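Dumping the structure here so I can ask a few things about it.
When the chains are written out, they are named A, B, C and D in that same order, and each has its own residue count from 1.
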Amino acid sequence: MIDRSPEFRVKKGLGVTMMLLLLLFAAIPTLWALLLSVRAPDSIFEPIWESPLALTLDNFFKITRSDFPSALMNSFITAGSSTLLAMLVGVPAGFALAKSRVSGKFVASWILLLLRMAPPVGFVIPLFLAYVNAGLIDTYTGLIFAYMTLTLPLIVWSMWNSFAQVPDELIEAAIMDGASLAKAFLLVALPAARPGAVAAAILGFLVAWNDFFYALIITRSGTTTAPVAVMNFISYDSVDWASIAVASIALTLPILPLMAIANRYIVQSLSGAVKG
Amino acid sequence: MGSIELTAVQKSFGDVEVIRPLNLDIEDGEFVVFVGPSGCGKSTLLRLIAGLEDTTAGSISIDGQDATDLPPGKRGLAMVFQSYALYPHMTVRKNIAFPMRMAKIPRQEQAKRIAAAADVLNLTDYLDRRPGQLSGGQRQRVAIGRAIVREPSAFLFDEPLSNLDAALRVGMRLEISELHKRLQTTMIYVTHDQVEAMTMADKIVVLNEGVIEQVGSPLELYRSPRNLFVASFIGSPMMNIIEGEMADSHQASAIGVRPEHLSLSTDSGLWQGKVGVAEHLGSDTFFHVQVEGLPKPLTVRAPGDVELQYQDTVFVTPEKTNLHRFDSSGLRID
Amino acid sequence: MKRLLATAVAATLAFGVPALTTAADEEINVVMFGMPYTNGLQKLAGDFEAETGIKANIDVIGQDVFENRITLSFTGATGDIDVVHTPVIQVQRWVAANWLKPITAEVDAMAVKSDIMAGPLDAYVINGEQWAVPYMAATGLMTYRKDILEEAGVDVPDTWEDMLSVAAKIHNDETAAIAMRAVPGQGFNMFIFPMVMRAYGGKFFEDYTGGDLTPAINSPETLEALNVYMKLLNEYGPQGAGNFNFAEVNAAAQNGQIAFALEGTGVVAQIVDPAKSKFADKTGIALPPAGPAGRSPAIAVHGLGIPASAKNPELSARFIEWAVSTETMTKIALSESFSNFTTGPVAQNPEVIEKYSKVHPDFLTMQADALNLAIGHYRPLLPDWPALGQAIGENINAALNGLVSPEEALEGAEQDMKDILGM
Amino acid sequence: MSSNSKQRAGATYELERGYRRMIVPAIIAVAIFAIVPLAGMLALSFSDYHLIRGSNGEFGLRNFIKLVNDKRLVNSIYVMSVLSLFGVAAQVIIGTAVAVGLHKIVGRWRLGRVLFLVPYAVPHVAVALIWLSLFTPTLSPINAFFDLFGITVPSFLTSQNGAMFAIIVADTWTNFPFTMLIILAALQGISPDLDEAAALDGASRVKTFIFITLPLLLPALLMVTLFRFIDSLKHFPMIFVMTKGGPGRSTQATNFYAYVQTFQNSNVAYGAAIAVLLFLMAALISFYVAKLNQRISS
């Protein structure tokens, strides 16, 4: 199968060129943001070749003095907690949907998809009013619960897929061995579906981390999250590009190691999901 | 202990009746094999006994106690699955210990039983490996080990050898038979392979389309199959079934004769035919003989050293005493 | 499993508790959107607490974010805001919706009242009641590149006609002639475009001051103005001018990519600030060009009001009094780039005068001139203005980018106005 | 099944009861956190609630009748369709190309996979701001770079198609990695034997890809396309930050239009009616996705 013909080399060269172009597409905005973050404010939009040395780390120090770090913390707390809660509720539900014989599974899958699609513009106002009455505005609790509408459908759906790949016989064996359903779930099914669980948790965390709309509506200064705080750099008469770039980097950095470590799991769990 | 009694057990999935109402007694210590073609309901029947499926009607009792609605974990049965269903993230030791852990058996006792089981099953060297690092036969033994340590009142085997290659299968067959001899515990064994059934069973249950066609010892089934289905299912190669005039002459709608009960001669006999394909097994040779007036060739066993050429004319004679007669509904006429 | 769940829920609820109990007695929450004054005020919160013992949580958020939050806070009457940033352009709408508390008596009792410029203060009087206190009045000014005009041998254009001819002379690939806000929005293109429109005699309504609110934007005067605005941006504007907002105008001016910018004083202050722009020393300031109907600089007044749902109106009033006091304003004028204060005596402070003369010698006087020329209802003060401004802005922007003809745009704008007003 | 057997607690009763108990918390959570606001949205859509004028307490179909004659709604649906169709197509094509490239050309290049994942990790607001600056000719380094060679990159944000293109580019940039991940996963699930078999049969690599690999990827491609399509209906931050719906109203996708009606025009009830319409569309699409999923997985 080793092909060394000139024709093959040309094709391979074309392929590599295409990949490099795609990498360029993926990298340019990232590099641009990195560049913006270290340029001095008075030359921020000058072409880099005109003042290559006008670099500074001030933008990074400046942002540590703003509200952004605490917003970043809020993002961690809310995205993390809602992912945790949604995992606690959603993983058993995904397991049960994959393995039980309850009726209405089709409807369940429909509802899960629908919740992912539902336009938030429509129901933020009712949600907001409900939160006002419940005293949940600008609380972690309120935001965590709101994020569960994002994370829970995703986690149930992907865990449903992951558990569907765990052979039924494995659960039955555990049951025959005298395990209760809870033990069969915790000791047998869950470890077998671990890649799927890791992937679901990360994807869940990402959607909550990425949210803009819910945080915009139901938080105030106390619990506002980083994506909303980024908007604070756009003020009445100026846009603080450098801070926005730094903030974007700060928002991306925590996700990147997660991605790097876990993309194997994500691929593993998704590959099952799409093989069906 | 380990007697199981099924009374009028029936199972439907939606509108499809998978098991028609049936009765079955399994004595303590028996080795019972459920055999039948795929889709006959044998696995479903096993799962009903295990409690993994609800019965639609009827009752199941284990050791004289009603167990119809007892959850699987409380029936005192152990099951070995077709795919072995080993827990992939646990070592062999932990796999075997799992049922004992669930039963809260003291650790010392667990270790003792694991050692004993590993010894019997030649697994001692593999106790700290994971299932993924074992061969098919070793995995099979781990699955059996996991069943043994529970000391169940009966073992349920669901086509346990179907994932092994032919040579291993014969070996494992013997091991399981030996295990049964040693433990003297009831075993229910599901297979579609009648050879397995014949070689292992004390009692064979032949199932077809959710109905028990016949229950009996291997020799009973071999000697007096109750109907055409059993007749043709049990025995290898298959019994020759002859319909039409030749059957009429025996006052039956069909007659059956096994290949080993036909004698072959080059000069005289009851039926004349031509030699077709020959299968040489060494000890025996099976000839396919196309008898005039029959739609299908007959399979005839001959001693290993018979030399016949393709298209030679031969004569075939059935042994009168081993002729099976069936009526128009397929039932045996004695 | 169950225990784990219960613990998680308890932990989550515990997070909520501190935030639920923030409303202490001597504490107020102030919400404002980001601009120099509010940033400066935020830094002075400690002073207020030291003076009065009241803790002020001053929250400065993005403008886009602000509007959604305020709207919903008021709708839900959450009572979580004690003092709110009140743009004059919103006050009518908020009053109509009963979201604000009338504060006539409170303002009358303030010693600082007589020092506050009368125009901006009156802008917050509706139905005979005072609804907010102004702290700044931004206006519109023009910046120009002295070097470019000199080189071309032309004078600073005084009228839009002049501007058209000057632009034609100086426009080139390197430096475009002019940039103005173009993205649709009542605070974006509808902050700038009316400067052209009113100079040509265009108006929003038949007779706003006389009370006849029949939409009249589809007039020959407005059409002429729109054509000028379009010609300037499309023929003499930088590439992509049709999607510029203040940030892009600001960046283009600071990078020397344009000769003229017509902007609010907040942006103008940055364009002429040597600390921020390399071209500051070559940049001059002028009043926006005039037209057949005179000159009409933009005006945007911002103030502080008290939401109807506020729990401690007395504390809120004390905060406002402190925030617009000459001392506080002076401090902010010195610490931030904040020149458009509305408390008169600040302008007499020698340090303040010195500071802004350094930024640009003409800056303060120009600003004062522009403010004198500006009419209070530059953008109509109506409850429906945000919706009207959005709709008109969308039509103007559509014409600018060639989606519709100018005639169609104005017709569309007028129809939209009628729809919104239910006519 | 007799009524008697229905009441009987069978052998699997305990198990199934256990399963149901595992689902119940999720149902409760969904009901509280999703169904309640959805019901509120529905109620609002029939009301006459206006942020400024309040409500006269009238309920009726008025908003929906108005919807039928609303030209801006038609425009918004057009914009949404263009953004979704072209955006999803671009994401699927680029994502697949990258996945195939990583799989076939560069082999097990782990760092490459991570590099291509970066855009997925950037929050949408930041994505929109970064691309806004890249699409603004006076700010963009791309324009500056081409200016060096005397080439003028056109400005995109001042025409409807250009602005939609810009939004699609930003959306594609941040979302193609999702497609890439799923296709990569599917590719790894395809046995290399098939490629070799095809090569032995004399098929070229391109033909192998088209006739062997692509059909095997089809279920994955279909799923990812539909999933991305579902999400793309919620377009908001890109428009909100990059164009504010402009030029004119030409990039007001339906979701953004609902936002404009609700917040800018204070017409909460009408905004809710638009949201209900979107929701019904979502329900229809998700029904087919669920059906498809059922087919693929069985």
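Operating definition for what follows: contacts are C-beta pairs under 8 Å (C-beta built on N, C-alpha and C of every residue); 3 or more make two chains touch, one makes a residue touch a chain.
Note that the coordinates shown come from a computational prediction; the quantities given were computed from them, not determined experimentally.
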- Chains in contact with subunit B and also with subunit D, listed by label, are A
- Task: Name whichever of A-D and A-B has more C-beta pairs touching across its two chains.
- Result: A-D
- Message: On a C-alpha centroid basis, what's the spacing between subunit B and subunit C, in Å?
- Response: 88
- Item | Centre distance in Å when subunit A and subunit B are each reduced to the mean of their C-alpha atoms | 53
- Message: As a quick test, compute the distance in whole Å between the mean CA positions of subunit A and subunit D.
- Response: 14
- Message: I'd like to verify one number: the distance from the centre of subunit C to the centre of subunit D, where each centre is the average of its C-alpha atoms, in whole angstrom.
- Response: 36
- Of all residues in subunit C, the ones touching two or more other chains: 5, 64, 68, 75, 251, 255
- Query: So which stretches of subunit D touch two or more other chains?
  - Reply: 12, 14-15, 25, 138-139
- Touching two or more other chains - residue numbers and ranges from subunit B: 52, 71-72
- Chains touch one another in the pairs A-B, A-C, A-D, B-D, C-D
- Seen from subunit B, its contact residues with subunit A in the complex are 50, 52, 71-74, 77-79, 81-83, 85, 87-89, 98-99, 102-103, 146, 150
- Given the complex with subunit C, which residues does subunit D contribute to the contact? 25, 51-54, 135-139, 143, 152, 155-160, 163, 240, 243-250, 260, 263-266
- Sort out for me which residues of subunit A touch subunit C in the complex. 41-46, 77, 81, 84-85, 88-89, 92, 125, 128-129, 131-132, 135-142, 144, 182, 186, 216-217, 220-224, 228, 231-239
- Message: Help me check something: in the complex, which residues belonging to subunit B touch subunit D?
- Response: 12, 51-57, 68-72
- Which positions of subunit C touch subunit D when the two form their complex? 5, 64, 67-68, 71, 75, 93, 96-97, 183-185, 188, 238-245, 248, 251-252, 255, 257, 383-384, 386-387, 390, 394-395, 397-404, 420
